[in-house]
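In the two assemblies presented below, chain A is common to both, partnered first by chain B and then by chain C.
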Partner chain A sequence: MEFGPHLILALLEGLVQASVLMLTALGLSLVFGVMRVVNVAHGEFFMLGAVLAHVVAGWFGAHPALGFIAALLLAPPLVALAALAFDRTVLHRLGHDPERTIVATIGLLYVIQQLTLMTFGPEARPVTAPFNHRIAIPWIETTAAGLSFYFPWGLSTTSYKLFVVVAAFAASAGVWLMMARGRVGLVLRATQLDRETAQAFAIPVHQVYGFVFALGAGLAALGAVLVVPIRQAHYLMGGDPLLLSFIVVIIGGLGSLRGTVWAALLIGMSDGIVSVFFSPTLAKILATLLVALVLVYRPGGLFGAKPA
Partner chain B sequence: MMLELRDIDAGYGTVQVLRGLSLQLAAGEVLCLLGRNGAGKTTLMKTILGLADRRAGSIRLDGVEIGTMPAYRIPRLGVGYVPQGRRLFGEMTVAENLRIGQLAGDGDEATRNSALAMFPRLEERLGQRADTLSGGEQQMLAMARALCLGPRVLLLDEPTEGLQPSMIALIRDAASALAAGGVAVLLVEQRVEAVLEIADRVAFLENGRLALDTTPDALRADESLVHRYVGV
Partner chain C sequence: MSRALVLHLGLIAVLFAAAFLLPAYHHGNLARIMVLAVYAMGYNILFGYAGLLSLGHAMFFAAGMYGMGLTVRYWDWPMILALPFGTLAAAALALLVAVLALRTAGVAFMIVTLMFSQAGFLVILYFNPITRGDEGFVIPQAARRLAGLDLSDPMNRYLAALVLFSVVLLACHRLVLSRLGRVLVAIRENEERARLLGYDVWAHKLGAVVLSGSVAGAAGAAYGALFGSVGASFAEVPFSILPLLYVLAGGAGTVIGPFVGTAFMFYLRDLAGTVTDAHMLVAGAALIALTLFARRGLMGLVRARWAGWLP
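Let's look at the complex of A and B:
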């Protein structure tokens, strides 16, 4: 393939990756921003979403489209409920203390992972996409007759991948709207800015924390359900999303949603591009290097709010 | 009694600040609380709001025990708070700060309008970020935010800190207007002379309890009292 079409392909793959990462990282960012909790188990909520998607879709074996829709509707709320239960039983009792909750979520990571291994098994399992048409993408070439379109071999995407991008952007826009307008966002931002004063204004911060933790896990699970028809479900699949989400949250500026969105696009796209042209490992190395540089030179993040 | 504290022990974790403190505040009354730095004035307010650890004693609002309630339920019963240092939600706009006050009460527009009527300058700055306001404007916003919940009890923690005389007068007049309207006002102040005019009672906090509960007239008659308890 020529360079141009190859780049388009890489950009498309990057966009799919970036949009799912955006959802996952938004979840992590919300939890960190509002609760000051570093959720090390975030990737496991992602994995749980994918695994539950496989299970739920399995109930509708003969109707993959129905199965996927059921997974999309059921898996994220189920994961959110599990997260809420963990918040009530563990994080709440630790007073949502930033340090002790890290240890708690590390524990949760292993509990979820091992429980999944014991029940779901070590195999990677697929979920069938509800639709999956191949869409060839035209490219321009200059011939003696002027500009003309043609369809290079291998330059294509699928309708499902486009759906993933649209759905992930729509869900992220929903989170954005929720935070920027309306009562819920106001309450969440007040809790984030000053927990004590928020309570002095009738905001039940511990309920807010439960909601945010559940929402964060639900977003990770939603990202997973969207991507599982492309990637398959596996009990160890939470590692990459966790690492990449952390990278995004640090580069975007801790607790900044706007920064998280931009950083997810940057990291997801470049991860996709570098993976296509070079190797996925190089992509991770570069991203980690970028994190190190950001931490040293711009600790507030590349896109975070200006330091006060 | 609008607000009644009895034999309160309170503090933070293992640190005890208030020791057997009792205090009463009637509707329409302005009680000015004085005390040295670290005496526990702010802690007293936080204890009323359920934000400090209360270990013993009862706090009643209109006869209802609030000492055992979770903090977030107390503002709903009509307790407004203007914290020391203002504690605005700086990254939010003026309007959003007021909205938070409103959400803590019954959300009534009339309450918000009357709060804004007291501080018309805020009306011109509704879309501005709270942390870009001047110090005086920030204090007005902290007051207005608390008023938006329609308080029956108003806790003012050093509302005139760092303000010029005209601003102090504005805040003071607002407090006395609210008291005239039946609000019970608990006012912490460092500058005694700034509040003597509007206080109905003056109390001194020392060693975690009220050392003296008296009237402004008695204080004017014997200035050595102020010196003794506040050290100025």
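Let's look at the complex of A and C:
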């Protein structure tokens, strides 16, 4: 394959990755924005979503589409419920103190990961995509005979990958609509702006926190359910989404949803492209150092309006 | 002699006696616990006294370990040079990280240290031909000699660990009673007030990070020399979480707490090992339980209830 088609392929793969990352990072960003706490177990909620998708799809083994739809409908709410339970039993009693919350969610990370290892096992397990048509992509080239139009070998995507992109953007738009328009969004934004004043106006702040924590986990799980037919479910799969979501939320500006979306697209796409052309380890080293330095020198993020 | 000094010297005496009394299995465990406790004591300087929660101490431990291991492996340095070199390497890294990370505070400081540590781990993987990446490498038995003693011998190993442990324990004892230690506590309790009183907060924090990183590096170098293996898993995120867990369990801001916490968690994990292989499950559950029910840890509890004099 030549450079042009290769680049298009990298862009397509990057777009799929970016859209899933956008959902996952939106969850982390919401939790950080509204609750002012960092959820280190976010990647494990992602993993739990993928693992539950495999389990739920197994119950409806008759038809792959049926199993996938059941997973899509059941897995994210189940993960959200688990997150809500953790918020009620632990984080609520810590008063959502930022440092103690980090320590507690580190604990949760290992509990979820190891329990999954003990029950689900160390194998990677697949979920069948509900539909999976190969879509070849045409390429135009100027030859001696003029413009020629052909389908290069290997330049293709699948209908399912396009569905992932559309679904992720639809869900993100849903989150944005909820935050910007609905009454729920008003309550969330009030809590984010000033917790005490919100409480004085009879907003049940701790219930809001529980809701946001569950919603954040649910979004991560939704991203995982979408991606699990492309990548398999595995008990250690939470590490990369956590790291990338962290990077996105920091680059996009802590707590800014718009910044998160742009940063997710930028980083998801560039990660896809970079890992096609460069060593993935080197790319990760540079990305991690870049994020640390952004946090040191531009605490408001690259897209944030002003440093907080 | 103060009660605290008696307590610390007493602990050292008990550990010395244990060298000749314990059965082989616990003898080996205790040698490991003492080295890990040094790591935890280094962590405690920063977390317990200066109030800075780092999530990246594995990079300092690994810097000490690889500083020692690589010089022995490639340049055949003797331990008497390689061990201090590892510690110095960790101190230099700590200085670099401190200058950058101390521009942030709170949650951002935690994330920045985590990110630097993760980058350090990836660097070890990236230079796989030199560091042997995930697999790591073995320090040959011939190189594990210090002042004519074979460090791979269980008794020598135990005593070497005890010497390092005692030096660091007594140094921590001195430190927290010194002016520097008291200023660190003042910064932990109220940074603004410490600044108002005329203390250079930034310089004290810088000192705390470098000191903490050096002790962690010394523990890393010693661990490699005493147990003979160097590997990338010692640079991974879970290894940054362990000292936090040990210090939280034993009691942050107590001199003896890190040792108590390390021993407690080590044996808790040992016990759980008979039930399940998923050993980090215990660590995770313990972290949640500690943040919920015992914020001050075991020795913190002892100090609050019975012994207010505990440093």
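The rule is short, and it goes like this: the second predicted complex is superposed on the first by the 302 of 308 C-alpha atoms of A that agree within 3 Å, B and C clash if a C-alpha of one lies under 4 Å from a C-alpha of the other, contacts with A are read in each partner's own complex, and residues count from 1 in each chain.
Assume contacts are C-beta pairs under 8 Å (C-beta built on N, C-alpha and C of every residue); 3 or more make two chains touch, one makes a residue touch a chain.
This structure is a prediction, so every number in the text was calculated from the model and none was measured.
Chemist: Is A:118 contacted by the first partner chain B, the second partner chain C, both or neither?
Modeler: Only chain C; A:118 stays clear of chain B.
Chemist: Now for A:187: first (chain B), second (chain C), both, or neither, which partner does it touch?
Modeler: A:187 sits against chain B, while chain C stays out of touch.
Chemist: Mind working out whether A:250 is in touch with chain B, chain C, both or neither, as first, second, both or neither?
Modeler: In the superposition, A:250 touches chain C alone.
Chemist: Please name the chain, chain B or chain C, that touches the greater number of residues in chain A.
Modeler: Ranking chain B and chain C by residues of chain A touched puts C first.
Chemist: Which of the two partners, first being chain B and second being chain C, lies in contact with A:196: first, second, both, or neither?
Modeler: first
Chemist: Going by the contact rule set out at the top, does A:147 touch chain B (first), chain C (second), both, or neither?
Modeler: A:147 contacts neither chain B nor chain C.
Chemist: For chain A, which residues are in contact with chain B within the complex?
Modeler: That would be residues 183, 186-187, 189-190, 193-194, 196-205, 305, 308 of chain A.
Chemist: Once bound in the complex, which stretches of chain B touch chain A?
Modeler: By the definition above, chain B touches chain A via 49-51, 70-76, 81, 83, 87, 89-92, 96, 99-101, 103-105, 131, 145, 149.
Chemist: Any idea which chain C residues touch chain A in the complex?
Modeler: Residues 53, 55, 100-101, 103-104, 106-108, 110-112, 115-116, 118-119, 122-123, 125-126, 238, 241, 244, 248, 276, 278-281, 283-292, 295.
Chemist: Can you tell me which positions in chain A touch chain C when the two form their complex?
Modeler: 38, 90, 93-94, 98-100, 102-104, 106-111, 113-115, 117-118, 243, 246, 250, 279, 281-282, 284-285, 288-289, 291-293, 295-297, 299
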